[in-house]
Amino acid sequence: MSAVFDLYQAGGSWLHRMDARVKLVTALLASVVILTQRNLWFTLAALGLILLVAASAGILATVWRSLRLLWGVMAMIALFTALLTPLPGEAWLALGPVHLSAASLLLGVTLALRIGALAGVVLVWLITTSQSATTRSLVGLGLPYSWGMTLAMALSQLPALADTYRRISDAQKARALELDRGALLVRLRALIPIAVAMVIASLRSAEALSRSLASRGFGSHHRRSDWQPLCMRPSDWLVLGILLAAFAGYLVWRCNWGLSLLG
Amino acid sequence: MAIIEVRGLSYRYPQALDLQPPALQEIDLTIEAGQIAVLAGATGSGKTTLCLTLNGMIPHLVGGDLSGEVRIDGTDTSQIAPADLADVVGMVYQDADSQLLSASAAEEVAFGLENLGLDRQEISDRTSWVLDAVGLHDHWHVPPAQLSGGQKARLTIACALARRPRVLILDEALTSLDPAGREALLQLLRDINRQQGTTVLMTVNKLDQELALANRLILIESGRLLAQGEPRELLSDPALWSTFSAPTLVQLAWQLRKQLPALQPADWLDVAQAERDLRGGLHA
Amino acid sequence: MPEPVIRLEALSHAYEPQVPAIEAVTAEIWPGSIVGIIGHNGAGKTTLVKHLNGLLRPTSGTVWVDGQDSRTRTTAELARKVGLVFQNPDDQLFAGSCREELAFGLRNLGFKPDEIVRRSEAMLEQMGIERWADTPPAMLGYGQRRLVALASILVMRPPVLVLDEPTAGLDARSASALLAQVLSLASSGHTIILVTHDMALAAEHCQRCLVMCRGRLLRDDATRSIFSDNALLAEAGLMAPPLIRLARALTDLGMPGDVLTNAEFSAAVTQLRGGTQ
């Protein structure tokens, strides 16, 4: 059974080896940058940079494949924005709420590309960082250890949960439960037996998990050690430095000169 | 020296229905250090409940009405937190999925060792040793979700072994293994018992390969202990087995003993022994 | 000559492309028979039976249930004909009382309320669980939950009953209680299919067995013949139950190699010793 919910792919690239905390901060700041501007060229450049980084880490194929899943969404955003956003300037088409112009078309394309760039950032981050490294980086940045553990445990239980859903719906279908026919309300009601069985299963699992934790000494008087502590290397500090400088530069530029739609 | 001492233990679960009998009734049990004990009983007979009193989950995590005394290595379990008792008692539960929470097999083992506060080298050494011992060294980096049922069971056992508890309890932990896998693990347990003096308690609902290793057998039914003693003793007395079934060959031996009184049913734990005994009986 | 109630024609199924879980299985099952499906872990037993009630559809080949191609029927429709009882009762138990649990399947099948009540009460009594009628199944012990899960399928009276590892995890007493219920159905004309790797169970109750090995049907034959064939068992990765192995070890003394039960063994020993006593 594959780990459906884990994007991580092991590898030895510079990006894989970068400290997880730096990657987390980078993803955060990059998202902020992308979301606070609406310039077509800037967005294109950002997207290009992300794909370049992905290529240098050897994960371009995976990133591109995942981005392709978003094309439908991106196209829809572009279309609706282009058609329904009245902007100053000559209108190519004006019919009731519909208002298509060169400006609105450009805005639509920009917003669509922004989604792509954002997704790209998250993908590049998660494909090169294992779930445990991500949770440890959150803890390293100040999240209480028990919260980090809860997150890690929840993530680790997702495949088991998917399995449980499959088994339970199979068992209920074997009792002639009809899931694929009927009105929406009827179908929703049909999910109740499955939902109840899943809640019971989850509660049992939760109880068993907590026993397992205590049985392995979690919460004992010993001071917990850390088998894989996160360590910043010189290259990590360098990347962090460049990142913070770039972000500061962006803020200055944004605040003083602004970034109009076309630059 | 008795490492597990239970006196007059009775217990009811917190939301037990009135028409159900107590989960445990007046249990008196002694297991000496270094023994390999098998606790056999039907599903719902109280095996898991008894195990939970031995590692402190009952009464600390589960609540309910507990009377009587449980001592592990002299310590009263009601006076010590389960996480601290876990230094002495390691337990492996039946459902492997709800015991695995890490991103890789090695991290899973390391989790329990981090809880002991061991240094990184010690953790690496013990993890390497134990994964090798259960045959999962090649799966060092594999997420537990991707392991097969039998591999998951072996991993949960590895996690408990790595902590080197003085008492190891396996609550129906071997059921998802096929006979060959089970045999391999039982050999490992025998080695650990010999080399480290670890006391082992295994619960089963069907007597099988585990019996060959055991030097103590305990029968439980509806929360009461039916009998405890050496397996040979118990297997020679059909009256003890009216509710819980003895292994099929032993039952056959009891039947044949009517025609061939010289048979020794307690020996009929495997086909080879049964064959020898039956040949002897037929030639007589 | 009655029609087979289940017919498999070159049934294949692959969960992932190019990775077949079962390949070209062809077999027929007649009404009223008790058939075992045995094989090592991962041989494809569960994959095979999931096709009988439509939980899985063939990647190629056909499954005929009571004369109809399974592809032309929904899972809910097939569930009327084929009742599949899974190993884990907690996968299906959800109701607030055992009574409700039994009523669930009947409601899905469209029975009228008074018929539902009648059948549920009768089944609760038949299984000996009437005192738990108003108790939530989730609060019962494991053996009782297995019985409730079985009852909730039996109450639908499917002509074909498929049980996946019916005795796994149960002690001998609960196992025989469960089997007694199942066998009483067989005697009233229902078809029973037992999927198991408990060889002793197959030896004792199944007239015929389908031996699955690595996705293929290795042999479809009478149980006695299968258990006397060492080569077949070795190829399928199966070990005959201890009783049969003991009998086989004593063939040089005249012990027949195809005894299947303790009773047969005892009788054979009596014979060997000269007939009387």
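The first chain written gets the first letter, and so on, giving A, B and C; residue counts start at 1 in each chain.
Here is the rule we go by: a contact is a pair of C-beta atoms (placed from the backbone, for glycine too) under 8 Å apart; a residue touches a chain by one contact, two chains touch by 3 or more.
Please read these numbers as outputs of a predicted model, since none were measured by experiment.
Engineer: Hop distance check: chain A to chain C, minimum number of steps through touching chains?
Structural biologist: So the least number of steps between the two chains is 1.
Engineer: Quick check: which two chains are joined by the most contacting C-beta pairs?
Structural biologist: The chain pair sharing the largest number of C-beta contacts is A-B.
Engineer: Averaged over CA atoms, how far is the centre of chain A from the centre of chain B? Could you give it in whole Å?
Structural biologist: Comparing mean C-alpha positions, chain B is 44 Å from chain A.
Engineer: Suppose each chain is reduced to the average of its Cα coordinates; what separation in Å results between chain B and chain C?
Structural biologist: 30
Engineer: Which chain A residues reach two or more other chains?
Structural biologist: In chain A, residues 204 touch at least two other chains, as defined above.
Engineer: Show me the residue ranges of chain C that touch chain B in the complex, using the header's touch definition.
Structural biologist: 40-41, 131, 135, 139, 141-144, 168-174, 200, 239, 241-243, 245-246, 249-250, 253, 262, 265-266, 269-270, 272-273, 277
Engineer: So in the complex, the part of chain B that touches chain A is made up of which residues?
Structural biologist: 52, 55-57, 61, 81-84, 86-87, 90-91, 93, 95, 97-104, 107, 110-120, 123-124, 141, 143-146, 159-160, 163
Engineer: Which residues, counting only chain C, touch chain A once they are in their complex?
Structural biologist: That would be residues 50, 53-55, 74-77, 79-80, 83-86, 88, 90-95, 104-105, 108-109, 138, 152-153, 156 of chain C.
Engineer: Taking the touch rule as given, give the residues of chain B at its contact with chain C in the complex, in rising order.
Structural biologist: 15, 17, 19, 41-45, 150, 172, 175, 178-179, 205-206, 243-245, 247-249, 251-252, 255-256, 259-260, 270-271, 274-275, 278-279, 282
Engineer: Taking the complex as given, what residues does chain A use to touch chain C?
Structural biologist: Per the stated touch rule, the residues are 164, 167-168, 170-178, 180-181, 192-194, 196-197, 200-201, 204.
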